[in-house]
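First chain A sits with chain B, and in the next complex the same chain sits with chain C.
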Partner chain A sequence: MTSNLASVGRVLASARTRAALSLGVVMAVGATGTFAYWTDDAVISGTSFTAGTLDLQVNNGNSYATTTLSMTGMVPGNTSAEVLTIKNNGTVPLKYTMSGGLTGTDAAAYGTAGSLLLTVVLNGTRSGTGNSSTCTGGTTIVAPVALTATPGTAIIGVRRPTTALAATATESLCFQVTLDPNAPSSLQGKTATATFTATGTSDVS
Partner chain B sequence: MNQRLGQIAWWARQGLLTAGAVIGVLCLLMTVGAALFGLRPLVFQSGSMSPTIQTGDLAISHDVDASSLHRGDIVSVPTGTGTRVTHRIVSVSRDGSDAVLRLRGDANKATDATSYRVGHADRVLFHLPRLGYVVGWMSGPMGLFLLGLYAAFLISVLVKKSPGNGSGTGTGTPGEPLSAEARVVPPSTPVRKVSARKESARKANDKGRLVATGGLSVLLAAGALAGVGVQSRVTPTLAAWTDPVNITGATFTSYVVPAPPSGTSSATCAVLPAGSGNEQGVTYSWASGSTGTVNYTTTVSPTTVILTQSTTATSGGTTTLTLKYDAPKSPKGSQVTVTVQSSVPSAPTWTSSPVTLGKFTTGTQPSSAPTCG
Partner chain C sequence: MKGRRLGAFLLVAILVLSVAGPSQAAISARHWSRLGLSRMGHHWTPNLDKPLFGRHLDLVPGQTEKRTFYVRNQSGEQARLRVSVNITKAHRSLQRDAFRVAARTRAGWWQHVRHTGSHAVLWRTMARGAVIPVTLRVRIRPRADNSSMDRGLRLQVKVRLSQRIR
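Presenting the complex of A and B:
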C-alpha cells in the first residue's frame, strides 16, 4: 500500500503527468470557445476593459434647471421650448436614457387628462416666444407623449444614441411642451412641475 | 557555460510543468464545477461595482433559483441586448417562481433604469482581483499564440519516447540522450533519487503507476467531455456605471378664464325702449375687470323666451350685455334669469363657470316694457 502511494506520488511528479495536467489549461480555454463569444467581431480581439470616468452633463452641469420651458397663463394649444445640450464629460463612451413626469399639486389632474405633451427633437432649434415657442427643424426622437404623474416614467427608454456618445461629444435636444388643444376646461388654473432625469450609462451595448 | 545554460533550461522546464500542472488542475476543477454546480466565471469589464469589485476582476458565480435571491446579493443577469450586467440587488418582488429585480452598482448613485425578471440568476460567490485582465489577455491574439506554443510544448513532452536507458519515470530532459548518471541535473532533485533506485523496486511499482496514470486519463477525459458538453464559458459582465442628471424647473400653470362679476349688485340692469314689432329688451353693465378680450356666452331661463339679440360690447372699462326678445312670442309676465359664461379667443373650449347676471320680468302685454328684478 505504502509503495503504491509512493508510486502515485512518483507518477504525479513525472514530467508526462504534469504535462498532461497542464493541458487542462488549454482544454479550459478550448471549452470557452476560445472566448470568441466575448466580442461581436468575428476577429478575436480580446476583451475590452472599461476604465475611466462616466460623467453625463446637461448644459454643462450635473443638474439643470430649465429657463424657458415653464409656462404661466397657459391655454390649450400653447407650447414652450428649450434646447438642452447633453454632453459626455467623462472619458468613456456613454449612452443615456431619460425618464420624467409631473409633480406638484395638480400633477394628477394633468396626468389623468394626459394633456401636457412632451416632444423631443434632436438638433431642433427654438423659435417663437413665450407660450408659442416651438422646436423647429431636426429629427423628432420622442413623438408627443403625455407626461404622467409618475416622475420615473420612461420617456427615452432605449439607450441612445445608437452609436455611443464619445468622450467630450455632445448632442442637442430641443424639448417642447404642449398643452393639448383638447385639454378639458377643468384644468384651468392648475399647476404642475415637470422633472426629467437623463441617466448616462457606460453600457454601450 | 553550456552546462550552466542547460541547468537554467532544466529549471525553467520543471517550473513551467509544475505551475502548468497546478493551474491545469484548477482549470479542470472549474470545468467540472461548472458542469456539476452551475459555476460561471465572470470577467468585470467596468467598475460600477467598485470598490467591492473592480474593473478586471474575475468573479465566480453560482446559478441559483429566483426564490433564493435576496436584497444585498450581487447577481449577474443577462440584459435585453445580449450582454450581462452584474449589480447588487436593491429590491426583489416575487411573481410566481420568478423574481423581478431592481439592481444598482455599488458605485452608482442611481438604481438601474430597467428591472430584470428572472427565473434564476448567477449569484457571485467570490472574486479574484486582476485575474480578469489575465483571462482577457489570453483571449487576445498574443495570448492565443502563446497558448498554442504552450500546448505544442506539452504535446512534445507527452509523445516523446522515454530516454533509452529505460528510466520509465520520464523525468529526463527530452532530446538529451544521455545516461541518467551523466545528466546535467541539480544533485538534490528527488526525481533523480527515484531513478537511482533499484530496478526491481521500480518494476514492483509498475502496477501502481498504471493505476494512477489510468485514473488521471479518465479524469482528463471526463473533464474534456464536461467542458465540451456544458459549454462553460468565462462570461464578460458589465458592471455598468450610471450617472443621472436631473432636469428641473419646468412649471406649468394654466390660465383661468375670468368670470364676469356675479350678482345683481355688480351688474347694472337697465330697460331698453321698445323696438319695432314689440321687440323689448334690457341691458346689463359691469366693470370689465380683466384685461384682454373675453367672449361671453349668454343663456336665459326659461328658454321659451325668444331672444332676438344677445351681444356684449366693452368700452371704457365697462362691459354691456344687450338682450332683446320677441315679446309677442315670449311668455308674458314671467321672470327670466340671465346667465353668462366667459371664454377667451385663444381657448374657445375653455369657459368660466356660469354666473347669474340678474333677473328681469317680462311685461304682462307684448307692448309693455320689462322690469328689472
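Presenting the complex of A and C:
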C-alpha cells in the first residue's frame, strides 16, 4: 500500500505530469470560453394605450329638461324654438344620431294627427318669444317632420356630423316645434310631451 | 532542464494565446452593436429612440393600430432572435377581452398576448446579415362595450439577439 502511494506521489511530482495537468486546466478554461455566448438587447420604449371615453352631452349634461320649447294654449300655426348645444365631452371623435317622439296621455292623438312638426336647424338662432319663437339662419338638417307617439323614432337617422365631432367640440342645434296650421280641432285641450335622445358613437366611418 | 522548462512555458503560452485569440476578436467585434433596429429598414441603430406607437394613444372599439420595425443580425454569425412584449398597467383590460395585442413577422401567424407580464411573441434563427420585419398590432374589439371605456395598458417591446449554440 505504501509503495503504491509512493509511486502515485512520484508520478504527480514529475514535470511531465504537472505540465499535463496545467494543460488540462488551460483546456478547461478554454472549454468554458467556448460555451460562453453573447447576447444583445434593445428595449423599445413603451406606449400607453387607453380606450377613449365617449361622452355626449346636451347643454353640458347627460339629460336636459326644458320648458322653453313648451307652448301653453297653442293654436294652429304656433311655433316655439330653443337652441341646444351638443357637446363631445369625451376624448375621442364621435358622431351621433337622434331619435324622439311624444309621450303622455294625448301623445297618440298628436301622433295620429301628425300635427306637431319638428324642424332642426344647425347653427340656427332663436328669434321671437313665446308661441311665436322660431329658428332663423343656419342650415336646416331636419325638415319639418311629424312627431310620432313612439319616442324611439329616428329623427336624425344618419350619423352626423359628416366630419366627426372632435373631442371637446360642440355644435349648436336649434329645435323648432310647430303646431300644424291644419291641425284638427280634436286636438284642442290635449297635451303631449316631446322627448329627444341623442346617441353618440365612436364609429366615425 | 532549462530547455525543458522553456519548452513547457512556450507550450502553455501558445495554448493560452490560442484560447485567448477568439476572445480578442470578440472584444473587437463589440465596437458595433450586433443587433440593428430600424423603423423603415434603411437606417439602422442599436435602439429605436421613440416608442413605436408614440407615447400615448387613444383607441376606440374597432380601431386597429399596427406598427412594423425591422431587426437586423449584425453579429457576423448565425444568431437567435427573441422578441418579447411586456404589458403592464392593463387593469384587466386584456382579460375583459377588450384589448387585443399581437405580433408577427412577415405573413406569419399572429402571436396573441392575453395576459400582463412579459411574453415571447417571436423567436427564430437569423442568418448572418438577415433582416426580419416585426409587426405589432393593438386593437379594441369592435364589440367591446362601454365597460372598456377609459381602460388601458402599457406596452413595451424587448428584442434580444443571442449567439446560436450548436
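Please note the rule applied: the second predicted complex is superposed on the first by the 154 of 205 C-alpha atoms of A that agree within 3 Å, B and C clash if a C-alpha of one lies under 4 Å from a C-alpha of the other, contacts with A are read in each partner's own complex, and residues count from 1 in each chain.
What we mean here is this: contacts are C-beta pairs under 8 Å (C-beta built on N, C-alpha and C of every residue); 3 or more make two chains touch, one makes a residue touch a chain.
Keep in mind that this is a model prediction, so the values were computed, not measured.
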item: Partner chain in contact with A:195 - chain B first, chain C second, else both or neither; value: first
item: In the superposition, chain B vs chain C on chain A residues touched; value: B
item: Touching partner for A:129 - first (chain B), second (chain C), both, neither; value: neither
item: Touching partner for A:54 - first (chain B), second (chain C), both, neither; value: both
item: First (chain B), second (chain C), both or neither touched by A:162; value: neither
item: Contacts of A:91 with chain B and chain C, given as first, second, both or neither; value: second
item: First (chain B), second (chain C), both or neither touched by A:203; value: both
item: On chain A, the residue positions that both chain B and chain C contact, one per complex; value: 15, 19, 22-23, 26-27, 29-30, 33, 35, 37-38, 44-51, 54, 92, 202-203
item: Contact set on chain B toward chain A in their complex; value: 13-14, 16-18, 20-21, 23-28, 30-31, 43, 45-48, 55-56, 79, 81-83, 85, 110, 113, 132-133, 135-141, 143-144, 147, 150-151, 154-155, 157-158, 169-171, 190-191, 194, 201, 204-205, 207-209, 211-213, 216-217, 220, 223-224, 227-228, 230-236, 238, 240-257, 344, 346-347, 349-351
item: Chain C residues within the chain A interface of the complex; value: 4, 8, 11-12, 15-16, 18-19, 22-23, 26, 33-35, 37, 46-63, 69, 75, 86, 88-89, 93, 98-99, 138, 140, 144, 146, 148-163, 165
item: Of chain A, residues touching chain C in the complex; value: 15, 19, 22-23, 26-27, 29-30, 33, 35, 37-54, 91-92, 202-203
item: Complex contacts: residues of chain A adjacent to chain B; value: 3-8, 10-35, 37-38, 44-51, 54-58, 61-67, 69-78, 80, 82, 84, 90, 92, 94, 97, 99-100, 104, 110, 116, 154, 157, 177, 179, 182-183, 185, 187-203, 205
